[in-house]
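Sharing a structure below in structure tokens format, with a few things to ask.
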Amino acid sequence: MASRVPALAPHPAPKAPTLSARLFETRRQSIDLTETLSPEDMVVQAMDDASPTKWHLAHVTWFFETFILAKHLSGYRVFDERFNFCFNSYYESQGSRHPRARRGVLTRPGIYDVFSYRAHVDDALARMFAQSGEPEGEIARLVEIGINHEQQHQELLLTDILALFAANPLRPAYRKPKPAAVGRGEPPGVSWIEYPGGIHQIGHDGAGFAWDNEAPRHDALIHPFGLADRLVTNGEWLAFIEDGGYRTASLWLADGWATVQREGWQAPLYWEHRDDQWQAMSLEGQRPLEPAAPVCNVSYFEADAFARWSGKRLPTEFEWEIAAAALPVEGNDLGSGSLRPVPAGNPAPGVPRQMYGDVWEWTQSAYLPYPSYKPPEGAIGEYNGKFMVSQQVLRGASCATPHGHSRSTYRNFFYPQQRWQFAGLRLASDIS
Amino acid sequence: MASRVPALAPHPAPKAPTLSARLFETRRQSIDLTETLSPEDMVVQAMDDASPTKWHLAHVTWFFETFILAKHLSGYRVFDERFNFCFNSYYESQGSRHPRARRGVLTRPGIYDVFSYRAHVDDALARMFAQSGEPEGEIARLVEIGINHEQQHQELLLTDILALFAANPLRPAYRKPKPAAVGRGEPPGVSWIEYPGGIHQIGHDGAGFAWDNEAPRHDALIHPFGLADRLVTNGEWLAFIEDGGYRTASLWLADGWATVQREGWQAPLYWEHRDDQWQAMSLEGQRPLEPAAPVCNVSYFEADAFARWSGKRLPTEFEWEIAAAALPVEGNDLGSGSLRPVPAGNPAPGVPRQMYGDVWEWTQSAYLPYPSYKPPEGAIGEYNGKFMVSQQVLRGASCATPHGHSRSTYRNFFYPQQRWQFAGLRLASDIS
Amino acid sequence: MASRVPALAPHPAPKAPTLSARLFETRRQSIDLTETLSPEDMVVQAMDDASPTKWHLAHVTWFFETFILAKHLSGYRVFDERFNFCFNSYYESQGSRHPRARRGVLTRPGIYDVFSYRAHVDDALARMFAQSGEPEGEIARLVEIGINHEQQHQELLLTDILALFAANPLRPAYRKPKPAAVGRGEPPGVSWIEYPGGIHQIGHDGAGFAWDNEAPRHDALIHPFGLADRLVTNGEWLAFIEDGGYRTASLWLADGWATVQREGWQAPLYWEHRDDQWQAMSLEGQRPLEPAAPVCNVSYFEADAFARWSGKRLPTEFEWEIAAAALPVEGNDLGSGSLRPVPAGNPAPGVPRQMYGDVWEWTQSAYLPYPSYKPPEGAIGEYNGKFMVSQQVLRGASCATPHGHSRSTYRNFFYPQQRWQFAGLRLASDIS
Amino acid sequence: MASRVPALAPHPAPKAPTLSARLFETRRQSIDLTETLSPEDMVVQAMDDASPTKWHLAHVTWFFETFILAKHLSGYRVFDERFNFCFNSYYESQGSRHPRARRGVLTRPGIYDVFSYRAHVDDALARMFAQSGEPEGEIARLVEIGINHEQQHQELLLTDILALFAANPLRPAYRKPKPAAVGRGEPPGVSWIEYPGGIHQIGHDGAGFAWDNEAPRHDALIHPFGLADRLVTNGEWLAFIEDGGYRTASLWLADGWATVQREGWQAPLYWEHRDDQWQAMSLEGQRPLEPAAPVCNVSYFEADAFARWSGKRLPTEFEWEIAAAALPVEGNDLGSGSLRPVPAGNPAPGVPRQMYGDVWEWTQSAYLPYPSYKPPEGAIGEYNGKFMVSQQVLRGASCATPHGHSRSTYRNFFYPQQRWQFAGLRLASDIS
């Protein structure tokens, strides 16, 4: 049963830690994520889209070194001049760099060198703050960017490790599986929530950190729409498969159908039919599929085809933001420690569930600049704007998104054929 | 100098010919376009994106046969059962088909068979109308679609012939060059027109023919914007090249820059620096560049980079439509016979020039469905909707667009790297 | 039953026509081969390995113009300077050229221009001979090369037309099928002929024309061997297929097995299982398979796997030459007009059948230079020597080889994965 | 000055260690080679042709487990059933396996698991010998094969580590450079040795171990030839480069020239012109080129082009074997510890230098079976025979070939475009 969206009580913010404390906490969390990994696990690149753990650890450190220490800490000694070539990702303005698809050949510097690099940079940052006090102004802005940048790579680190372990015939687990009692049952029921149309404010209002691509906040005219109050589940996806979803051209975008044919897609990326049951590779190793949990590791092409099969559609990113705006930023993210999408909890009338966490949600919005968007000056300006073509926006967060990284205006983006992210979908509908 | 958009006097419509007369006129125009082509010219496929002339001629005929005659003319005898396999383009619902990239191997059926096929279908259509009178209802709808479909292929036929002749070291001319006195001079001046924001109606209103992707007409909130009153010229593009445009990463979208590097782009598709001057291949053969004429055969990536270099941006498709809505549908299209983009005429305050004709105009809008868009039922539903991902919208018309095919709500679309179309750009700007 | 090779009676040579007569006869035969082809058939390139008919016709003409007329006929006017770029095949010393894989885009010059080109060159050659008499010395040598070169392209023309028509869903016939009464029966019996070892002279002895790669004639030590007295048949190949030949890794060279897997090979190139029977595409269109006729359009990989499956091996090129040396150069070549491989005739003790004609025979010899081989000076030196790596030698002739083009020392060569030639195999065995 | 080949004094063999002692010595040497490598270095695959160190260590162990222990040691417990999938290289008869190009994703089993695997297998082998005594008969044959197999992988391990470190922008050294006093001077002089023609015995005579592809020993007719008494040097290669060798089409095989153009080759694989000098990457890191040392890391295409430029040719594999047959098996192999090619020592009349060690020597012989060659039965039969197409034979040994692994009949083989081996060349000439 559909219902109107309710007014929600304001969510009281906890007392915030200082920026420098958040910085070092974030730096430590990156290391914590590597606890179960061997040096070998950390050097290999599973595929072109993925990067090695070690590269992630070094690249985020290079970011602090290059954009903060080298420019703002007088007397700072660069750890190793050659790292600029090794660990620059895509900043054309920072010079040439090691090719993305070859990041996995960097067995040197070794993981212990990279840990030393991290310590060197952390020490310098601490020294800087000890000298100059808690960061302010431009430096505070760069530290905040650095924290958020490192959080993004924490998620990618997990995404890429899953890709690596899924490519291994031994199907190793990133961590020992925890019991999943709830997920074996029936998919939880779904309710539809109706939202009225009208002019809405979209984008970040400037309070607190946001990426440049979330600005400027602007008016947008929205048409009335409905939104499912939970994510699409594995059980529902199985019905799609069994109904011939992957064999029915009319359900697919033309590029999607060509991809299905060329790649031989028959199920989400990490699904495997083995021993008479569907299993899926996860950070807990290969496990039986949980029908009630949200489907994960699907492409935009698949999400779109599923929505068409359902007689629905994907939401636009604006619709998602409107539905999310009034909700507390809570959910099954990395902070929960589950490391996997979990079934939706009990419904509450008019309140969408699973908005933050579990899986990123594909939207039907192409990734484009907001009206009057201008990228920042300098290298940081390469962060978001230059990717604004041919990609689709995802909203929300996933089970691998660091806690505190999310907000209603956050815009994630990937190419429509990419499947290695923790990405799923929620259905929307027109209301006439 | 910028000015407000003026109220324009209504444009009186000429007395319209009957639908069947328009149909046969369109059919005849396709044949007229082949006058200068040899059978060999008509069979070869210049590249995967292009199709042979013969294939275009047969495919549009197959469209009438399959969707009208086979279903609505009792006793109709299909010309050749095997043509469904040969000349279906991408209609999954119509069965399997010859691979797109292999259309050029179809030396049989020969061009004279295809002419016979056309005559057979035209005869049957004429017989149908003789029996049942001027088409009405569903048949009229299908005939109208067939006319517009054939017009689209007329443009593609010219586009693809240019690709073929440009790949030939002899650089043959599709037709003898006409003098181009006006184009050698300085680029004409450009004025900027300001448009107010507000809620505008976008999309087709249902009067007269339109494609399904132009509907439904809906409200959209527009922010104030400025629009150049003419297209970007070859002369301006030369300045971009000379300023290092193709060598400056910061001007480009990341995918665009990767394409520039991989393909070695240094100029628009058909430009060549030879004998100490810039030349460009055209339907009139290889000719010296006309600085005052609009630039042509550029990709979205290039158009976007040029706009960034100019300190401007590309318009959205909605902005273009608002500017075009009140203008007469007139310009340098196929009806003018010029077969090439020509310099803008004299300016009139507040009236954008070159809106229809010369070149299709890249917009910064991704090709997406309008709110509540539903593709038509049946095979015709495959016409537009299934391409709504990863492409950019172009608006207007080109020097190869058949006269009468254009309107302000028309949405053309191509991938951002494609350059073989008659595509250029017009600049836009934010107004704060 | 195996038998010793008999002494054969000498084969009386007919009175030879003059060189110039042979030249013009060869030139005319090229045109005769195009009788059933449309201009469209003659321009298209079926695949990278193949060339258009028109290109063959022009290239062989360019050969006479470039190497004879331009150098040896004073006052000769080159037909079109641009043709050197269009119709040079691979002579690096003759300047840059149109890319091989793009020969099919040359719709201009048109076929009638190419016919004119041929006439222009033939006229000049005739004028040259009228002035200077029957060619002698260097010019005679070049004319002889030109004749043989054109004959090679006559075979390729047919090979490539078959590739083109096989890629066409209509499966057109190059010429109307003739009845094939003999081929439907059982494969003819096979006898084995034993040849003694010892030192044999291999290579051309200098009497009459031969390619440079057939020289120098030299001693080679041969081990005793056995040779099947006929070619492997379609019927035998069917048994190989039915025994799982294409699914049994242990029968294949590693590169061959990788090719089978990657390309999905399940039968020879033009075989198709349709309407409950095996059919094969041929110059007479798609026809039921003739079990008694020699298998055709197989790669070296397949020939080698078949031999292993048979418990035999392929012959070396020297073994083949020894067996052929004493035989008359007769067989089912282009002169017979059959245009397809035909079943072996009645056996004669100790006389191998089908040595010249039907299909080229893959040998286990890599294509390498003979001891002390030196390529000729100048452009003609690029004819053979630079291909001496990674290819396998084929011996004999095929049903598409012009009559008079064959001899026992002739070395043909192709890559081991290539299948579009009229190529089959004959088995050999060790004798200990 | 050329001279006749002298009679050499017989080379006294040292007292041979037992087979089992040699086995465990070989097993230990593999581990010794990894001393300077980190776990990360040992897991990564530099390119498709290369394999990770860890994979080499495990694969050779799998060989002993699969072909000896599992079949011949009763009660043997397989270390891990899943390793058969992970570490089978190409034995189709041993079941499916992990794709070659994906060996680098196997971060698990970890290097310590692989060391345990080695210990487990070594213990079992020792137990087997303790129970049954020194191996004899079939087991001795398999142990001998296993030793030689592991030696081959020792060389590949070094080859592949060099490829990995050369791909690293830090250019790490496998081991600290040793001084190279001798190599900086002028290339040593070269003498030519003449060998008479006649019937020679080629191939292994059955005494001691040899691969199946070295048999059967057979008569071959050899034409008189000359052979350079040392390898081609870096200094000579520089002269080839400076003379435009890489830009002169006429020097190259057609496939070679196409490769030069496509890959942009301008020098041997690991050469780099940096800081105004030629440097080369080596196991001792990036170092200035030594003009007097043998050129290394060249393809067959390059070796062949160099020989043509020199007015010489490459030797056949038979010519090399004849020249080597009477020489002691001594040279700069892995036993010398130099890990790099070194300049030739002082000449001795009629005695070719550098025949074993420094670099493998490309020959003009295609890799083909000897007359009456039969691969062994069973999986071991997949070792050599199935690669006998499209490759060229190399003779001798390199600076990375384990001591004791070489002999005059040894046949190494690679594809003509491959450059990552320690491969160079020696010139030969015809004598008429």
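We just call them A, B, C and D in the order they show up, numbering each chain from 1.
The rule we apply is simple: a contact is a pair of C-beta atoms (placed from the backbone, for glycine too) under 8 Å apart; a residue touches a chain by one contact, two chains touch by 3 or more.
These numbers were taken from a predicted model, which means no experiment stands behind them.
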Of all chains, the one whose CA centroid lies most distant from that of chain C is A
If you average the Cα atoms of chain A and of chain C to get two centres, how far apart are those centres in Å?
-> 60
Chain centre separation in whole Å, for chain C relative to chain B (CA means) | 48
Out of chain B, which residues touch more than one other chain, so two or more?
-> none
With chains as vertices and touches as edges, which is it: line, ring, star, complete or other?
-> ring
All pairs of touching chains, each written as two labels joined by a dash | A-B, A-D, B-C, C-D
The chain C residues in contact with chain B across the complex are 38-44, 46, 54, 82, 85-86, 98, 102, 104-111, 164-165, 167-170, 172
What residues on chain A touch chain B, complex-wise?
-> 90, 92-93, 199, 218-221, 223, 249-250, 252-257, 300-301, 304, 364-366, 368-369, 371-372, 382, 386-390, 392, 416, 430, 432
